[in-house]
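Encoded as structure tokens, the structure appears first; notes follow it.
Per-chain numbering from 1; labels A, B, C and D assigned in written order.
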Amino acid sequence: MIIVMKPQAAAEHITAVKNYIESNGLTAHLSEGTQVTIIGVVGDKSRLSTEHLALFSDVDRIVPVTESYKLANLKFHPDPTVVTVGCTQIGPHTRTIIAGPCAVESNDQLMLIAKAVKRSGATMLRGGAYKPRTSPYSFQGLEEEGLRYMQAAGKEYGLATICEVVSLEAIEAAVKYVDMLQIGARNMQNFILLKEAGRSGLPVLLKRGLCATIEEWLNAAEYIMAEGNPNVVLCERGIRTYETSTRNTLDLSAVPVLKEKTHLPVIVDPSHATGAYRYVPPMAKAAVACGADGLMIEVHNNPACALSDGPQSLNFEKFSHLTEELKPYWTLAGRN
Amino acid sequence: MIIVMKPQAAAEHITAVKNYIESNGLTAHLSEGTQVTIIGVVGDKSRLSTEHLALFSDVDRIVPVTESYKLANLKFHPDPTVVTVGCTQIGPHTRTIIAGPCAVESNDQLMLIAKAVKRSGATMLRGGAYKPRTSPYSFQGLEEEGLRYMQAAGKEYGLATICEVVSLEAIEAAVKYVDMLQIGARNMQNFILLKEAGRSGLPVLLKRGLCATIEEWLNAAEYIMAEGNPNVVLCERGIRTYETSTRNTLDLSAVPVLKEKTHLPVIVDPSHATGAYRYVPPMAKAAVACGADGLMIEVHNNPACALSDGPQSLNFEKFSHLTEELKPYWTLAGRN
Amino acid sequence: MIIVMKPQAAAEHITAVKNYIESNGLTAHLSEGTQVTIIGVVGDKSRLSTEHLALFSDVDRIVPVTESYKLANLKFHPDPTVVTVGCTQIGPHTRTIIAGPCAVESNDQLMLIAKAVKRSGATMLRGGAYKPRTSPYSFQGLEEEGLRYMQAAGKEYGLATICEVVSLEAIEAAVKYVDMLQIGARNMQNFILLKEAGRSGLPVLLKRGLCATIEEWLNAAEYIMAEGNPNVVLCERGIRTYETSTRNTLDLSAVPVLKEKTHLPVIVDPSHATGAYRYVPPMAKAAVACGADGLMIEVHNNPACALSDGPQSLNFEKFSHLTEELKPYWTLAGRN
Amino acid sequence: MIIVMKPQAAAEHITAVKNYIESNGLTAHLSEGTQVTIIGVVGDKSRLSTEHLALFSDVDRIVPVTESYKLANLKFHPDPTVVTVGCTQIGPHTRTIIAGPCAVESNDQLMLIAKAVKRSGATMLRGGAYKPRTSPYSFQGLEEEGLRYMQAAGKEYGLATICEVVSLEAIEAAVKYVDMLQIGARNMQNFILLKEAGRSGLPVLLKRGLCATIEEWLNAAEYIMAEGNPNVVLCERGIRTYETSTRNTLDLSAVPVLKEKTHLPVIVDPSHATGAYRYVPPMAKAAVACGADGLMIEVHNNPACALSDGPQSLNFEKFSHLTEELKPYWTLAGRN
């Protein structure tokens, strides 16, 4: 931690900061510049509150020099994590494709979709049973019934399964039926839910919040991991900007940034990010090209009749064509 | 709802859309332009899915013409709502000042603060007992013990009380001790929590999400109201932008915008928005000047030692000075 | 300047940075922490390039500790600047109201508007003669003819005049007719234009760019001032965010932030920021309440027929009502 | 154009809008809904001002249905444009790589870089001679001397050349020496400069503004094209968001969006977007994968000593490695 004092800071104010640091068992290194004095703090900074220090007289700024997340940090865990999900894995050598409908609508529908995505190379089946919707008057999901359909379809076609959870009750139901929990963008900082997911025993896919910084996202992963659950996968799904020609702005640069900061796998969801099926294939290829460990893609038997997010879903033919097109990109990325 | 067809849309595609609308019991009005055809949909649009329509061939865009929130909508409820909270009210003629520490730290501290803010004219006491923190390693609050201190301090000094809730468990505890629930920015789209708060029987203060549009915010209020709870107060607390000289960007224009769209009271929190105590007084005055029904302000007996958010807290002297300065602004705003 | 080294930085890499600093005639202070080493640089940092340093091995981050703008900086010029514009002034005790149409349309129109705004208390007349428009097919302004009308109307009614300039040619014309130049949001980082405006001899009103940080804005002011022109006034006019219910998001917190960083006057334009005349009065009052030195407000004789930006213009009656309403706010702000 | 009236709009207000439309020689189609009436306008909308209409009583919203740009619009020009630049081309089948230093520093430096990038497969040489810098105290470029070095290096190594221009004077100099003009992000809405570039006779590379929507960007291209210059290439270079781990947020989705809206070539600049050389290779591959017609990449002989933007420059070895890695990606994208 570095403390930057104001220009012409009074000597007694500099001393006060120094004394406070030392009274907490830490060491203060002073650098007196021509314009400003800076104080480096050496020792275990968890003993000090940045917020206290910011209020000392003549303190201009506090600059943290280490990250607040530890378990998710590549610095303390240099090897990439491989997360096992049911019969499959997500990690540095996998070609993970999680595909399925936005919302589970019926058993027949889900069987149809599971069969099609399996045939085209998907490794996991997604399907929403609990839907967080902006308006209370929109379709909210089949809940436990939807989870049962997911389990059945996963078994039938040998696909690992993932469902979004939105409450403790949903987690308790989901652990009985599916292989992985998803925390959605709107709940990325629902810390109670993160802790419960951490305690569930299942691997967790953590979507980035609509306006979350990468730092906040990694801290959210830390909440799950701090409960003893190391099996977290991060999913970039677009951030909110002023641009309106896509639903959100897919931040693909987050992929190489994350690869520098964390050992956790990173996947990309081009369906929710763009909101339009036409943009899914180019952005899926781009995601693999910049290093993503996998993709999450919405697929529907009849997008025109989907109960949720139809315009961004691929039909079976388009999905099959995309998985073919992706093959050389996976190979170029060293995934065999 | 208006459907804009693509230029040179095929006649049969236009007919297909028209037939679909009519088969759902609605009426389609066609306007054939020189460049594009547009179709106005007349009737109860809840019978139609925007998402289905977007996938019909040659459909370019769907433009909604009515809002999805109803109970919160000024159009259907033209008189401003007055929300009663314990011994006080929030509404078009009130001078609501909600003051107190970011986090409840001890009974003594809270009594001291409650006494000071009451003396300076606060109408409600705030204090966090459950703190949603970015890092799992930061102080997370005293929980039920903190709620008990809130109740005691409120009684002692005749202040209505409000606490943030982050889970069903926290709501169940809070209803026993305090007069109003707060849903924080990070939970604005935690729909499960919104529904539980709606069922609690207590009035709810709903903070705007860090990247929530006003439309989404009103839909979140609708979730609470749809459970039969009409007592919702909206609180603007800054949105996330690229500007870094304040913690967030206080969107004061939201106040007059909300006054056009909803009958619910609107208050402003300049402490969290700016993140710096020095900016709280000017922004508090500005909030009253542009029509806010009240303010939420962080006050601490010793900001330099606050366990949370010290840099944005006013000490007693500064808070007292501010409430004096605010008096003529309330009067100018017609609040007596 | 502070250089933060990576954890476990090699001793020779730390030495390399230290040697580079010292070989440039500066002093390096090392603080060796348990996790990281930081190096404080003491001396005239203009001799060093941040960018070179960022490329030394094991350098993690460079933290600047002083601002790059000097002439605009309150630290080096603690007294507030008063800018004289024709027959009026803008500064810490003024009630500046700059009013007029978005675009000058005809001599008659401008005379009518000038008369009305003068009667209601405006101190300056605005009117666009060169309009930067998003589409090349929109009305682009009357150019020099418009400037002549501005001069005539200013003389007739005793109002100082201001026009936006978009090119060297426009500046050369404007200096012949008006009292102050305006640099618009889209040209805030048109550095050539800033320099020319600096050399013009006229005071300059510098609008904030749509996505400019306060730091960049002050650096843009520095471009004008570095040409020997100290008469710069800053104008907040809204920044671009994801919120769409107002045209831009008026960042009123920028007013107190600027008052801490610079001695230059600050005015607020609620017309362009909100894009809707209904929001202009509440935001104008808020701007005065949080410390603005003045306002820029669009006024039109017949907003329904304005050639540009009609929806945000006040008619004469609404403007007159607003200036009356503002009087007690100016008084409360200590402006007499 | 569609006009949405307010709920319960008075019949005479609806009639007034209808009459106004018809008095301008256009046709008004009314659709009377149960909640609102909408009016479709048929005919040449350039005769009508959206802004006038927005002020009619009971008008709620105006929805444009056609784009304001025509020459850049794919609807009116369905074949992709190929832009010829000196000895090379940019278009749907090219593997354009524009490489070189951020700023031209000396003739020797530029010769060295030109030789290296040519050897590695670059098709064009970039180099800044006029640098728009945030601070007036930063290095501003060698100006005409830099242009001469560009010409010499281009000739020596058979590379087409491109330089940023920031003023009419710079355009006049540049046309004598280089093959293509660049309009930088900060000048994207400097409409005077766009027109001058349009009249220069040279092809123009137009970078996206830091906070420009795709719609505004295409309108800026229209300014150049409206001067009779069809040779415009668009360059995505990152937009401003709240995320700070990269300098800007590279909006790669803009590539497929632009391919739907315009026939102009689209290239991507990962160097400026990310601000860090480590992120350039993954984002360059992603750009090719999602359909970009080319790349603009900063290369420097000694990034640690670059006078501008060193941290984002590749050295020769890294650039050579990247161009090798890109080859199969170009092939997959159908570029031979």
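Definition applied: a residue touches a chain if its C-beta (ideal position, glycine included) is under 8 Å from a C-beta of that chain, and two chains touch if they have at least 3 such contacts.
Model, not experiment: these values are computed from the prediction.
Look at the CA centroids: the one farthest from the centroid of chain D belongs to B. Annotation: the chain A:chain B pair of sequence copies touches via predominantly the same residues, more than half of the used numbers being shared. Of the two interfaces, B-D and C-D, the higher number of touching C-beta pairs belongs to C-D. With each centre defined as the average position of its C-alpha atoms, the distance from chain B to chain D rounds to 39 Å. Averaged C-alpha coordinates put the centre of chain C at 26 Å from the centre of chain D. Shared contact sites, meaning residues of chain B that touch two or more other chains, fall at 211, 240-242, 244.
If you check the complex, the residues on chain A that touch chain B are 46, 49, 51-52, 54-56, 68-69, 132-137, 166-168, 186-187, 189-193, 210-211, 216, 219, 222-223, 226, 240, 303-311.
Across the interface of their complex, chain D is touched by residues 211, 213-215, 239, 241-246, 249-257, 260-261, 273-274, 278-279, 282-283, 285-291, 328-329, 332 of chain A.
Contact residues of chain A toward chain C in the complex are 2, 4, 7, 29-36, 38, 40-44, 60-61, 63, 65-66, 75, 240-242, 244.
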